[in-house]
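See below for the structure under consideration.
So that you can tell them apart, the chains are marked A, B, C and D in the order they are listed, and the count of residues begins at 1 in each.
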Amino acid sequence: MNPLRSIIATAVGALSLFTLTATIALAEDGGLPDPGFQIVAGETALLMTDPQNDFLSPDGVAWGVVGPNVEAVGTVGHIDDLFAAAKAFDMPVFVSPHYYYPHDHGWKIEGALEMLMHEIGMFDRSDALSVDGFEGSGADWLEQYKPYIEDGATIVTSPHKAFGPESNDLVLQLRKRDISKIIIAGMSANLCTESHMRELMEQGFEVMVVTDATAAAQLPGLDGYAAALTNFRMIASHVAETDTTASAIRALADN
Amino acid sequence: MNPLRSIIATAVGALSLFTLTATIALAEDGGLPDPGFQIVAGETALLMTDPQNDFLSPDGVAWGVVGPNVEAVGTVGHIDDLFAAAKAFDMPVFVSPHYYYPHDHGWKIEGALEMLMHEIGMFDRSDALSVDGFEGSGADWLEQYKPYIEDGATIVTSPHKAFGPESNDLVLQLRKRDISKIIIAGMSANLCTESHMRELMEQGFEVMVVTDATAAAQLPGLDGYAAALTNFRMIASHVAETDTTASAIRALADN
Amino acid sequence: MNPLRSIIATAVGALSLFTLTATIALAEDGGLPDPGFQIVAGETALLMTDPQNDFLSPDGVAWGVVGPNVEAVGTVGHIDDLFAAAKAFDMPVFVSPHYYYPHDHGWKIEGALEMLMHEIGMFDRSDALSVDGFEGSGADWLEQYKPYIEDGATIVTSPHKAFGPESNDLVLQLRKRDISKIIIAGMSANLCTESHMRELMEQGFEVMVVTDATAAAQLPGLDGYAAALTNFRMIASHVAETDTTASAIRALADN
Amino acid sequence: MNPLRSIIATAVGALSLFTLTATIALAEDGGLPDPGFQIVAGETALLMTDPQNDFLSPDGVAWGVVGPNVEAVGTVGHIDDLFAAAKAFDMPVFVSPHYYYPHDHGWKIEGALEMLMHEIGMFDRSDALSVDGFEGSGADWLEQYKPYIEDGATIVTSPHKAFGPESNDLVLQLRKRDISKIIIAGMSANLCTESHMRELMEQGFEVMVVTDATAAAQLPGLDGYAAALTNFRMIASHVAETDTTASAIRALADN
C-alpha cells in the first residue's frame, strides 16, 4: 500500500474533501491514478499566478489571444470565487505576479513567447522602485481582485521573470510559513501556471490545480489550454473545478 | 530592433543554420515569433533525457502507453541520428537519466504519474552504489545507444528524481563547460523533456527542442505528445525535426 | 512577540530540548538572539555531509590539512555518537556524499579548493555506474559508519558537486518525507557543511548545527573551523555540541 | 595541466590582469592554489550586494555592529571606487538589494541574524508596490551611490530574502546577458556577500571577491569579517583588493 494513503487516513484536522479514487493499475484499463488532495488547515495555501490586466481585462495586450478562452472557461469569475472562499476560511493566499522592467528588454536570449511579450509591452513597469503609471496599467491587478490582494494578509511575492517561481521568493515564503500543500490557479494555464506547478513539485510541495480558474492563449494549431489540462492531470496530485474546490474550502471554514 | 538579432548577426564562428523568421506582430495575423537558434561551436550541447529501456524498448514497463507514439514518430531512430551527428562533430553530449531507488518508494507526496511510475517499478535500481541487476534492466540505456553514451566523452549527470534537472547536476555540468545553448531530445516529451526545457530556460540557457526525437504517453483524453508540441513551440527559442538538426550539426563539422 | 515563540509553545509531541534563550536586544549588550531548535518527531532529520575517508581517515588525501582539527575536536567519535542516537530514535538520517568522476576534471571554471581537490584526486570515482575500486577508497564511507549508512533506512542522496546541495536531490528527498527541521553535522565545516546549512535555510528549512561533529582544513592564516563556528552561530537557528544533541535525541526516544 | 590554463591562454580580447600564481601542491608547503581571474569584456560584471543605508550609513540600524569594520576597512570609499571603475569601462553592474516587507515579519522559521534583523527593523519597506517613506530610509541606497545605481544602466534585481540570490532573479538576469564572470563586493561580508559568492559558484559562474570593498558585523567572539576572508580565499577563484581590481578594470577601458 502506498504510504500516502495511511498518512492521509490519520491526518488530524483535515477535511477529506477529495475522495481518493482507487488506483487503477495501468495494465488493466489505461487509467491514470489520482493521488487526491486534502486541504489541511495551516498547511494549505491558495496560489494565484498573474491575476493581472494584460491577461484578464479586455484592455489587456494579450486579450486578443487569451480572451476567448478566458470567456469560454469563465476564468475571471472562477478566480474571484477562489479568492473569496480562501478569504472566508483565512486560508493563506499567495500571488506571484509577472512584471518586466526596461532592462528586461535587453535580454540577449529569448524564447518565442518571451520575445512576443516584450514586443507587445506586456506586464511592463517603468522601474522596480517606482509605481508611476502602474495604477490601471496592464501590469496592475484586475480591479475586482484588489480587495482580496490588498487586504494586508495576501502575500505578494517578487515578480517571476520567466514563467516559473525559480526567480522569485515564492518557495521561501511558503516554507517560512510551513505551507506544504498548494492549490494553484491563475494565468496563463500552460505557461506561468504550469511552470509554477512543475517547479513547486520539484521542490516537494503537494499540488493540485483548479482547471477552470485558468485559461491560455489559443493560436492556430497551438491550444495552450488543452496542453495545460493534459499536463495538470498527468503531473499534479489532483485536479478539480472551482465549484468543488471552493465548496471544500468553505466547508473547512464551517468546521 | 530586438537585441537578439544584432548579437546573432555579429556572432563569430557560428553557423547560421536556422534562418530567423521575420517576427510577425501578433495583432496582424496571430503568428508567433520564432527567435531561431544558432549552433555555435564550443557553446552548444546535445541533451538527451531518459534514453532508457522503460520508455524505448518493447520490453519497457511504459511501452504500453508510449510505444505507439514512439513508433509513429520514429523516435528510436531519430535519437540515434542525433547522437551520431553530435559525435561526428565532437559536440558535447549530456544525458540526464531517471532512476528510482528503494527509498524513493517511501515518498509521502506524489503526483499522478509519480505514483504510477512507482507502482509499475519504472526506472528502479537496487541502490545508488550497486549495479547488480542493472545491465539490461528497464533503467539501463537502450542497447543501441550504449556506444554513444559509454564512449568516455558523454557526460552522464546524476539522476533527476521528479521530471526536471532541479535535483541533479545538469545545470552545473553545463555551466562548468561554458555551454549556454542546448539542443534537447529524449523521453518523454511532456514530462522530463519539457521539464528540462522549462528549467533550462529559467536558468537562462538558450534552448531548442527536436520534436521528432521524443515521444510521450497517450492515454484516453490525454495526449502527452500534442501537449508537448504546443509548449515546445510556445516556450523554446526554436523547434525543428531531426533531419534539419542533424544536417546542421554535420554541416558545422564540415566547416 | 516573535511568532516563533508561540508556535513552539503550542507544539504537540515535541521535546523542548533546547531552552530558548531570551532574545537580548543588540543595542544593550551586543548579544545575538538564539532562536532555539526543537526536535519534533516526524519532522526532524539528521543530515551528515561527506562522512568519507578522504576527510576522516588518516589515509585520506585531505588528512594532512584536516586531520589535526578532526583529532582536536573529536569529530570521528562525535559523528558516530550522532548516528547512534538518531538510529536509536528512528530519526530519519540523510547522507549527502561528495564524488568526482573523470569528466569533472574537465571543468573550465574552478574555485581554489575545487582546483585543489581535483589535483589531489579527492573523492574520485571511476564512473557513476561502476563501483570498481570504490570499496575502501577515499570516496568510500569511513568504515565505522557503514553499519549506520548501509542499514537500509539511511537515505543517501546523489553526490553534491560543488559544496552545497543545489546539484543533488537532498531538498527534494527531505520534502518528500515532510522533513522541515535539520540537524547538520559532517565534513568539512566551512565548506560542504556550511554550504548545506546556507542552502537549506534559503529553502526555508529550520536548521541547527552540531559544532563538534565537524572539522575543517586549517592552513596558515586560514582557519576554516573558526570561520565555520562564526557563521554557524550567526546564521543557523541554533548551535550545540554532540553531547547535548545526542542526549536530546535519546530523551525523545524514551518518551 | 589544468584545462583552465589553456582556456585562459587562448582567450581573445581579455586582459590578463591577475597573474595566475603557480599552483603549489598541498603536500609540499601547505599552499592553496589560486586559479586566478580574467576580466573579459562582455562576459564580466560587477555585483554589489546590499549597498544600503542600514549597513553603510552611521544612521543605519546595523551601524553599531558593522560600522567599526566599515570604517577600518574603508568600505564606503572602496565600493565607490569599484562603481566608478565599472561605469568608466561600461562594465555591466548588478545590484542585489535586501528588503523586508511587513509579511516577512510573520515567518515561523528564523535563523539568529534573521531574527535580529527583523527585531531591529532592518531593511524594512512598507510594501513592494509602494515607495512611501523609502527615500532616505535604511533600505534606500547610500546617497553617494545613487548616481551609479540610478543611471539607467545598472540592473537592480528583486530583493534577496534570506542571504543568497536563490530567492531573486540575479542568476537569470546575468545569464540573459551572457555574463559568466562576476566580481563581487558589498555588504555584509560573511552573510549576503558570501552567500552570493557560494550560490553563484553552485550555478557555475566564475567568481572573485574584492576583500576590502565589504565588511561585516563583529561581535564578541564572532568576527564576521575574518570568517569571510577565510572563505573567500578558500572558495572563490580569486580575491583581490579594490586598488588592484579597479586598476584592472580601468586598464581594460583604456585598451
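One rule holds in what follows: a contact is a pair of C-beta atoms (placed from the backbone, for glycine too) under 8 Å apart; a residue touches a chain by one contact, two chains touch by 3 or more.
Quick caveat, the model's predicted, so the values are computed rather than measured.
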Task: Tell me whether chain B and chain D, two copies of the same sequence, contact each other through the same residue numbers or different ones, using over half shared as the line for same.
output: same
- prompt: More contacting C-beta pairs: A-D or A-B?
  reply: A-B
Message: Suppose each chain is reduced to the average of its Cα coordinates; what separation in Å results between chain A and chain D?
response: 34
Query: If you average the Cα atoms of chain A and of chain B to get two centres, how far apart are those centres in Å?
result: 26
Set of chain B residues in contact with two or more other chains: 106-109, 162, 166-167, 171-172, 175-176, 178, 180, 202-205
Task: Once you've mapped the touching chain pairs, tell me: line, ring, star, complete or other?
output: complete
Task: Quick one: which bits of chain B touch chain D in the complex? Just the residue numbers, please.
output: 171-172, 174-176, 178, 180, 202-205
- prompt: Quick one: in the complex, what on chain B touches chain C?
  reply: 102-104, 106-109, 128-131, 134, 152, 155-156, 158-159, 161-162, 166-169, 171-173, 175-178
- line: As the complex stands, chain B meets chain A at residues 2-4, 7, 23, 25-27, 30-35, 64-65, 106-113, 115-116, 118-120, 162-164, 166-167, 180, 190-191, 194-195, 198-199, 201-207, 217, 219-220, 222-224, 226-228, 230-231, 233-237
